[in-house]
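Some structures to go through are shown next.
You will see two complexes here that share chain A, one where it goes with chain B and one where it goes with chain C.
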Partner chain A sequence: MKKSSKLKDILFTVAFPVLTWLVMELLCLLFKNKHVIATALDIKTVIRNTGITAVTAYAMSFNLKEGRFDLSLGAQRMAGTILGGLLAMALGLSGLWLLVFAVAFGFLFGVLTGLAFISLRVPPMVLGVGMALIWEVIPYLVSGGKGLNLFGVSGMGILTESWFQILVVVIMAVLVYILMNYTRLGYETKAVQGSQLIARNSGINIFRHAVECYTLAGALVCIAGVLDVSFSTQMSAGLGNTSNGVVTANMFAMILGSYIGEKSDSSVGILTAALTLTIFKYGLSLMEFSDPVNSVVNMLIFIGFLVFQANRHKAALNRARKARIELAKQRKAELAAA
Partner chain B sequence: MKKIIALLLAVVMVLGLVACSGNSTPAPADNNASTEANNANTNTEANAEPVAVPEGLDLSVHHKVGVATVHEGEAWEIARNYLETIVGPTFNMEFIYSEKLSDANGLIAFMEQCYAAGCDGIVNLVTSNDAIAQGAHKAEEWGIWFATQNSAWVEEVAGLEHNVGQCGASPESVGEAYKAAFKEILSDGQPHSVVLFEGAAVGGDKGQGAASHFYSAVGVLEAFQETYGLTYDKPIADLVNQQDPGEVNTGNSDVHIYLYPGRNPGDAVTALLPVLQTGNYDIFAAVFSFAAFTNAIADVEQSTGKDIKVIGTAQIEQQTKTGFETTDPTGDTVLNGAILNDLPLACAINCIELMHAYNGDVASMKDNGQAILLGVRSYAVLGADTYAKAEKLNTAPELYILTAEDLLALAQPGVTWQDLEAKLAEIADLDALLAAKGLN
Partner chain C sequence: MEKKKANPIKKILESRLFSQIMPVGLLIVLTLVFGVITKGRLTNPASLKIIVEQALVVATVSTGGAFIFASGNVSLSLGATTILTATLALMAYNATGSLVVLFVVAIGLGVILMTISALLSTALGVRVMYVTIVMMTLLSALQQAILGGATVSMPYEVVQALVQGKVMYIGFGLFFVVCVVLFHFTDIGRSLRFIGTNNLCAEQTGISKSKYLLIAFLIAGVGCGIGAVLAIIRGGSIGTSTLPSLNMDCMLALVLGGMSIFGGSKSYVYSGVVGALTVVVLNQGLLMAGVDSTIIQAIRGVAFLALVTVSQVRPKGLPAPEG
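Up next is the complex of A and B:
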């Protein structure tokens, strides 16, 4: 019984990317006579995009699942990646060091944002906007408005290697899995997700916990930034809260991942969701839709999923209600007969 | 302890917010030092020599000019340094810069701050039609002069007294540069195929997209048509205005043309990888952000073993130099051709227009009272050798396309917009320009 349930859960998890691939493959073959995954390069692209999406979604999930939407994550990503990159380049170090420095800056920005949150007690979204404006200025000033340009910089090749990207994503997934299942942080996360008030009354230091979440989110989002810039070669130092779009674009992956994760674990769920959505988007681009059409299709599906999420328990609740009424009627009839 | 931390963080936040508010609180630019430290191209200030002021040109009045920019990065730093070290001292102008703006609201907010700071002129680089219209109306209301950098003429405000004129990369000349570059590449008698990232080309001929992107795509399609005698199934303008990406029906099975309209290079890279992987294409062109595609192209070259030539719109800056000097997996240079736009030149023309207004002869910059559009030509550079010469432009006071002497000559009374147009035509030929600067 237990084994069959586990198998069901695995099939449920695997079904998302597999079914998505099947649907997109069918559509691409029917309308464009193309395969979604045709060459090793396609696999490389899917791996890279999955990695970036998954790591960003992990970063968002630390705060968002507890009701804190950190709107400064994009700015932390930009600031950490640009500063890490500039430092590594100034010291003549390789891409690996870029990653290390970016993560270090991400930790710093994350911890400062977390400290600001618990000290100032400003609502997370409002604080996020303010902190984003602050973090955006730092790389702008340091780079003289130029941002980060890795085009032609030697020693950065390792960051675009598929094996390296897979390694980073797997390490992140395992790390998140361990953090969420075998550590105090995971225990506290589950408690706070249930009820922050009860968690606090039970002795959990919810302020320290919030800082830890912000810190981890900052570090993770910078890893995503490094994976992104290593391929695109450029990251501009934009001002005016323009940095957040790339992060919020991954919200669907986080929410879908949480749903898939109900049958396994959120770390597995988010990775699976990232793979699913990457295949879906890759398929759409093969269908040769324009960017606006792609966005509309993506958003419609996202909204559709949110509607499903909000109403998925309705049928079960209705069935339970009907059963209760039926039972009451039956009892009433029994009492009347007696 | 908690209170102290809270207080410190509050102070940091307030300071940060103040620092962020460059958009609404302009400050005179004083970062020459950092600009120069960051950019070897821009070390020009120390060598500037005084130039004789033409008779009748009054430079005794100090003018404050607000520069509303949409640019950032190295190319903008070069332009900004030109304003600071050449244009400003020559015209007795002081510049106040915005942060990167994107729309009419940002422009108006910045202009309000400039007006309050005592600016009597605006150089506007925000290119949307509504921003230009709103900015020009605001300037008219306040009685300050308004010059715009944009490729399309905005008729709605052309008749306003304080609108001194427009200047921008001539879209037609960008198209001509692309056409010339492609004709050169296609002239080897072999069948070639291209993937073109055409940016905001859609609607560019109707004032909706980017005119320069539209004409770039037109230039490429015309070059292919004329070289191979292609018979497109639609007029070229209709092909460029198609919203969806896809292959053009060329009527020649050996020649493939794939057009990808889109404003996001990140999405375009993912979408174009499978197209490039087919092995049908040996040229890639990007109307902006060519560098964002280079890793993807290197992957495809490595996978197929086939060289893909890259041509892109660029500025004279380190990135372009790197492109011409770095090799791809097939041993060819990463960048094979560049369509160069010179940002300092357009800025200079705007300031010359303002100087005429300051000196009371704004009419000379207008055609029957209507502000006019002056087109700055683009340069087609094919190969590292030519670029090595072109990149020396803007590296010393005498190597700017318009030197201090030129600026004064063009700002003196009696010079008209036709003279400016003639000057722009004179410097349109890159070889001649390089020869005149002693760079060939």
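Up next is the complex of A and C:
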């Protein structure tokens, strides 16, 4: 019994990317006479995009699970990656060091944002707007407005290797899995997710916990930034609170991942959701959908999914209500007969 | 039992009078300080006229947004709604050559887009936070998909005629007066403030949260429509890079204008106007004083957070939906 239930859960998880691939394969063959994944380059692109989406979604999940949306994550990603890259280049170090420095800067920005949150105690979205305005300025000033350009820089090759990207994403998935299932942080996350008030009253230090969540989010989002810049070779230093678009675009993966994760684990769910959405977007671009149209289609499906999420318990509730009424009628009839 | 003495500074900061006077006082002080620093260049009539004109779009959109914020909700999609509305309204004008069509499409579309946002949360139960972020991304992508890299323009003579006809001031003025009446002298404003203060208590006294939230979004939609027309008149054309930070500027304006970010009884409809003027005075003043435009952004961020913190009652725990 237990085994068949586990098999069902595995099938449920695997079904998302497999079905998406099948649908997109069919559509691409039908309309463009192309395969979704046909060459080694396609595989490389899918791996890279899945990695970026998954790691960004992991970063968002630390706060979003508890109802906090950090609008400064995009700015932290930009600042950490650009500063890490510039430092590694200035010291003549390899791509691995770029990753280490970027994570360190992300860690720092995350801690500072978390400390600002527990000190100022303003709503997270509002705090995010203010912090993003501040964080965006730093890489702009440091790089003189040029951002980061890795084109032709030696020693950065490792970052573009598929095995390295897979390794980073797998390490992140395992790390998030361990953090959420076998540590105090995971225990506290579940408690705060239920009720922050009850969690606090039962002795959980919600202030320290919030700082930890912000810190991890900052560090992780910079890994996504490095994976991104390793392929595109440049990252511009944008101002005017425009940095957050790359992060909000990955919110779907986080929400879908939490849903898939109900049958397995959120870390597995997010990775599966990232792969699913990457295949979907890749298929759309093969069908010559422009980036904005691709984004519109994705967001429309996301809205549909949010509506489904918000109402999926209603059918079960209705069934339970009908069963209760039926039971009451039966009992009434029994009493009348007696 | 010894009664704990209240901190007088905290008492002043939390008083209603302070929340009403502080934003206006800040605007006056900033204007005077920058007037002195720039040796009167900021406060001469020509500069003041530019400041007012620059603030009009943000002021109009955030005046409508004040209704949503008063209920304790935050909307980040006001800017994206305005720009998409402006794009489609201008395309409709170019197709018909009728100014009536421009106004009708702008206001109608603003209302429709905001109604969709409202219905997603009120009728379909999606969290407002998700709705606002998804709509912000969706509407921006939609505008990019429609325009591609192009811009749509209004003929120069028409723009000039609208500017000389003071359409910007008339549009904003009418909307502002209606909003003041609705917000401060009718059930709509009272109910929204009540919902913002304590939404459970409001519902228990018979106020329908869904109904009033829908009304708030509808009014905000009208604001977006009028804001779209003002953006067209001010710029003469609309592209994907038009007013890119309008979403955040509206929030910034409301907070700098004294709107409580938690909504409730300390919400004022004029916050958007005072805040929009403050943002422009701060930007222009610092620029005229020779401060680098990049640094100005950081100063805006710090000022924003400082004012939010000072003007709110600091919760004992961390901000969360349950309080």
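Going forward, the second predicted complex is superposed on the first by the 338 of 338 C-alpha atoms of A that agree within 3 Å, B and C clash if a C-alpha of one lies under 4 Å from a C-alpha of the other, contacts with A are read in each partner's own complex, and residues count from 1 in each chain.
By our rule, contacts are C-beta pairs under 8 Å (C-beta built on N, C-alpha and C of every residue); 3 or more make two chains touch, one makes a residue touch a chain.
Values in this document were obtained by computation on a predicted structure and should not be read as measured data.
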Side-by-side fit of chain B and chain C on chain A, or clash: clash
Touched partner set for A:Ser94, first chain B, second chain C, both or neither: neither
First (chain B), second (chain C), both or neither touched by A:Val293: both
First (chain B), second (chain C), both or neither touched by A:Asn311: second
First (chain B), second (chain C), both or neither touched by A:Asn149: first
Contacts of A:Ile303 with chain B and chain C, given as first, second, both or neither: second
Touching partner for A:Gly240 - first (chain B), second (chain C), both, neither: both
Partner chain in contact with A:Ala210 - chain B first, chain C second, else both or neither: second
Chain B versus chain C as contact partner of A:Gly130, first or second or both or neither: both
First (chain B), second (chain C), both or neither touched by A:Ala249: second
Identified clashing stretch of chain C versus chain B [150-158, 168-176, 222-230 or 258-266]: 150-158
Overlap of chain C and chain B interfaces on chain A (superposed complexes): 116, 120, 130-131, 133-134, 136-137, 140, 145, 239-240, 290-293
Chain C to chain A touching residues, read off their complex: 74, 76, 120, 124-127, 129-131, 133-134, 136-138, 140-142, 144-145, 148, 244-245, 247-248, 251-252, 255, 261-262, 294-295, 297-298, 300-302, 304-305, 308-309, 312, 314-315, 317-323
Partner chain A, residues of chain B touching it in the complex: 2, 5-6, 9-10, 12-13, 16-17, 19-20, 22-23, 31, 34-35, 38-39, 72-74, 76-77, 99-100, 102, 106, 243-246, 261-267, 269-271, 273-274, 277, 289, 291-292, 294-296, 299-300, 303, 318-319, 322-323, 325-326, 334
Complex contacts: residues of chain A adjacent to chain B: 34, 38-42, 44-45, 49, 112, 115-116, 119-120, 130-131, 133-134, 136-137, 140, 144-147, 149, 151-152, 160, 228, 230-234, 236-240, 281-282, 285-286, 288-294
Residues of chain A that touch chain C when the two form their complex: 66-67, 69, 71, 116-118, 120-127, 129-134, 136-137, 140-141, 145, 195-197, 200, 206-207, 210, 239-242, 245, 248-249, 251, 255, 290-293, 295-296, 299-300, 302-303, 306-307, 309-311
